[in-house]
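Same chain, two partners: chain A is paired with chain B first, then with chain C.
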Partner chain A sequence: MPAAEVLTARTRPRPRTAAGHGTKARVQGLLLAVPAVLLVAFVVVGGSAMVAAQSLGLMPLVGRPELSTAAYTAHGGDLLVGVGLSLAIAGASTVLACLIGFAAALIMMQGRWCGKLVAAMSSLSIPVPHIVGAATAGLLLADSGLLARVFGAAERWPDVVGGQWWLAVIFEYAWKESAFVGLVVAGTLATRSVDYEETAALLGAGRLGRLRHVLLPLSLPALIISGTIAFIYSFGSYEVAWLLGRPYPEPLPVMALRLYNSVTLTARPEAAAVAVVTAVVSLGAALVALACLRKIPLWR
Partner chain B sequence: MLYSVSGGYAKVPLAFDQDAFDRLSPALLNELEDLKPSLWRQGSTYPKSSGELDALYAGGQVDSTMTYGPATLTKLVADGTYPATTKVLTLDEGTVGNASFLAIPSTSGQRSGAMVVANIALSEEQQATKADPRIWGQFPVLDSDALSPEGRALFEQLPTSPVVPGYEVLSKNANPELAAEWVPALDEAWRRQILAGG
Partner chain C sequence: MRQGLDLQGLSKSFKGSPVPALEEFSLSLAPGSCTAVLGPSGSGKSTLLRTVAGLEIPDRGSVLLDGQDLAAVRPERRGMAMVFQRPLLFPHLNVLDNVAFAATIRGVPRRRARADAEAFLDLVQMEGTGKRVVSDLSGGQQQRVAIARGLAARPEVLLLDEPFSALDPELRSAMHELLAQVREKLNPTILMVTHDRDEAAAVADHLAVISEGKLLQHSTVQEMYTRPASLQVSRLMGGTNEIPGTVRDGVHYSALGAHALPGNHQWPEGPATMVIRQERIILLDEHSPGLPAVVTGIRNRGPRKLVTMEAAGVNLHAEATASPALATGDAVRIQLPTPELAVVGGTSEHRSAPLTSPDWKVLA
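Moving on to the complex of A and B:
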């Protein structure tokens, strides 16, 4: 394949600085990042440790601290169902966001007026908070929402909001995250793709060939990274699932907040347990993404 | 509803007790189960909050909603949020009625000051202002027979609503509210058997 050969040939040789200079620059870079990293680590590690301690019964609001896993088993079945539901919602919306986002990035790369339009639409939807997006999606897609009225669907309108398949929730995440994925991928492609594409085209690659052997490999790291961010965000975010979903079964963040706000003060460790499970699964997703990235020649 | 299926509020102890809960809740849950076919989406799911139920009512998805603040209905009907045919449903058995109350913490260092504030809150002027639907529209707690002529005049000046009946109609047969301990128990039973039961 000419395109693939060109790609590997061009990516491999990178100018390297002298070893000593490289280490110095590295240390300097690390030092510059230290204040921010320390601050974030304090909040994240401290917060996680506190939640973990709470979930293990070591920081009860009332009563004596006692090490136990009772909080994890108290809602055992619901917790597992919640993990499955959250994974399904986040997975489906991430796949959609990556497909739509990648397509949007390709259109943006064309540079014609429709590319500019898509880029403008994506940039406009980035600053919209998810809660506003969710409320808007609700007004648009609910049984008595705008679309149902425009089409005069009344009783025939499917249960998009609060329905069995969580469609409105997935739609909202897919819309917001596809804009994010699209802009990130377009940003990567903008700086790198033109040369490769032209070379590939000169060597006789058709549109599909260029997509498969040039654009997709070039975008893959950006796609994986932005997709992982989108996945972890939708896995752990509360408001969209709460506004557009149904009360049972519950995604993990909704369950965690309900237990946290429960009038029964002893439910706090159970809320913490749900939060710990959410964090562990998110961390797992990030590790899987890193493992995938390591397999990509472009990333190494 | 618990009062209704138990044969009146007198049959339900206000303070929570597990025996009473075990004895009385099955009838309530059966009734809720039987109601499912008549509910929104045949009871396969439920609105998550009273705000969501209100929105369903405003959108014409359900035929009734509930509120602790009937005074807000006049405006909601006037501005078209709720349909013009909205009516307040008063039940012969009565509905749960409660009043806002003020309490002084036993550890308060300013008991006399707090009592003065409580007295002002109980004054005829403040109660009439509180009952005014343009301001708050909450039930007054004063006995209308015990009002002074000036106080009575204040209450008589309150605007009447085409939607909401007067306080004497709304608070007729008011049922007392259960102790807070009942709430998590009823919540959990409803969640397990009705919501998750499918």
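Moving on to the complex of A and C:
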């Protein structure tokens, strides 16, 4: 068969049977996931619906149910400030986590002793709870903490903990989430980065060229996914901001928990309103991430 | 001035491996030539290519391109491109941008880089596929694009690491044809490794046989088949006939009698093994002139048959066409044409069965 005919034969659309097999496999995969999805959906959708109902006055502790947005406007200004603050903390820590995590993944991919060390450190930091990380960061970074004492700079030590810029909170999230991002990206690159890097090198790409034109695009889906998970976690996490942050203004999760634990039981719908706003912003972040992923050829 | 690629005494060992991957490997490639390095799996072929490309650093020896030692030159600056067994097209780029990759890296404006890439896609008969996602292409198409991408980098040396081994025979033939066209148009120096001697013979004008990291022979394709430097080379090239004997005054004496050797070569005196390709032995009926032999086995090889015979206590193998019909036990006559004979120093153990060979095909 001449070359042209061979090519034509190879470019023909896949036969119906192959497509049928693909659909069948997809349906089988979905069916396997159904029990877990149903259980999770019951908890998440049910919980979210209850919180939304409570925030809208449909499940009052006392009195008759009445549709109202009062819970959303009760702390109007604080709620908006809380959204901005939470977005800033989660955004800054996620950017840092992605940068550090990507760098860590690249070091891990080198396969040398330092790569193994970074991989081991990342693996070790993943199981450490955030509350332990926050306490450690406090003991390390506070003006009475270890570093300030080591450097003998208690007077001049910046307000890292409880300061205006929420640095300790951002550092703690960045430290924990960078390990997560690093391991996810390293896992993606592990199977193919070396081959593609070598190919790019032989096509004339130097180290920076390979980073920009090969490694970064290959890592992008994993970076977006792990970054989104890190962002949503940081956005909704309570304990680190509560331990290392300022008492006021409050990030959304801190505000939600304070209102929920308030002696004024009527504040519960307000806590629910804060939780709903947190969930909506998180959902928005996930949708933005999905939209970004759809634009990436590698993901398609 | 182009002087080609010169490999001088390359040695390379890997930690944990008792055998060196390369040992004192020297080879010279003329500019524009195509040399296939042939050897069994694990013989050091890929290590050789990676060392030439700069992806491995040799323990000893040097790689010279046009007289310049490349020891301190990074892979991206060596002026070489490599096509691997897997096409390794960048999945985040479409076909056109894959081919335009080298130009993009060099800072060529995107429009010009793409126009240039189009020309190379045309060269590999992939015109019109530029906007396609690489995963939509078949294996053969992807390998074509990989070759176009390598060529678009304008390498002085194109390195091919078993690039067609994953393709089916039909596509492989098409790729061989493509490579011939590329050579005709661009004339790059090509160093290719393969374990398939038929492929090597189809695309290269020189062969280098490697085993356990050592170069056994470097010669033209024809010479490699008809004048093997050793029994190992003969066997690696698929030769199955080894007739132990002695050479005196250009004549090989063995159980098969005296056979004059080709006069255009200096043959070693003393104990030597005569070799002849199985496809060069002439099989005749029992009434014809020639050495008497008895057929001891017949195996079908597609349109041909591999006939095993015994002649004067020596096992021989010959390839025959389907006719005349032969059967085990038939008496036949054989002729060993002088121009097809060769001897290598030393003797071999007499073989009683045909050598197993992964790619039995007729060269002729």
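We adopt the following convention: the second predicted complex is superposed on the first by the 283 of 300 C-alpha atoms of A that agree within 3 Å, B and C clash if a C-alpha of one lies under 4 Å from a C-alpha of the other, contacts with A are read in each partner's own complex, and residues count from 1 in each chain.
What we mean here is this: a residue touches a chain if its C-beta (ideal position, glycine included) is under 8 Å from a C-beta of that chain, and two chains touch if they have at least 3 such contacts.
Everything numeric here is computed off the predicted structure, so don't read it as measured data.
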> Touching A:Pro247, do we find chain B (first), chain C (second), both, or neither?
Replying inline: first
>> Just to be sure I read the superposition right, which of the two partners does A:Gly206 touch: chain B = first, chain C = second, or both, or neither?
In response: second
> Looking at chain A, does chain B or chain C touch a larger number of its residues?
Replying inline: C
>> In the overlaid three-chain picture, which partner chain does A:Ser262 touch, first (chain B) or second (chain C), both, or neither?
In response: first
> Does the superposition put A:Val184 against chain B (first), chain C (second), both, or neither?
Replying inline: neither
>> Just checking: does A:Leu96 make contact with chain B only, chain C only, both, or neither of them? Give me first, second, both or neither.
In response: neither
>> Looking at A:Gly162 after the superposition, I want to know if it touches chain B, chain C, both of them or none. Which is it: first, second, both, neither?
In response: first
>> Give me the intersection of chain A's contacts with chain B and its contacts with chain C, in residue numbers.
In response: none
> For chain A, which residues count as touching chain C in their complex?
Replying inline: 1-4, 6-7, 10-11, 195-196, 198-206, 209, 213-214, 217-218, 220, 296-298, 300
> How about chain A: which of its residues touch chain B in the complex?
Replying inline: 78, 142-145, 159, 162, 164, 242, 246-249, 262-264
>> Taking the touch rule as given, give the residues of chain C at its contact with chain A in the complex, in rising order.
In response: 53, 55, 74-78, 80-82, 84, 86, 88, 90-94, 101-102, 104-106, 125-126, 133, 137-138, 140-141, 149-150, 153, 159, 170-171, 174, 177-178
> Taking the complex as given, what residues does chain B use to touch chain A?
Replying inline: 41, 44-48, 56, 59-61, 180, 183-184, 191, 195-196
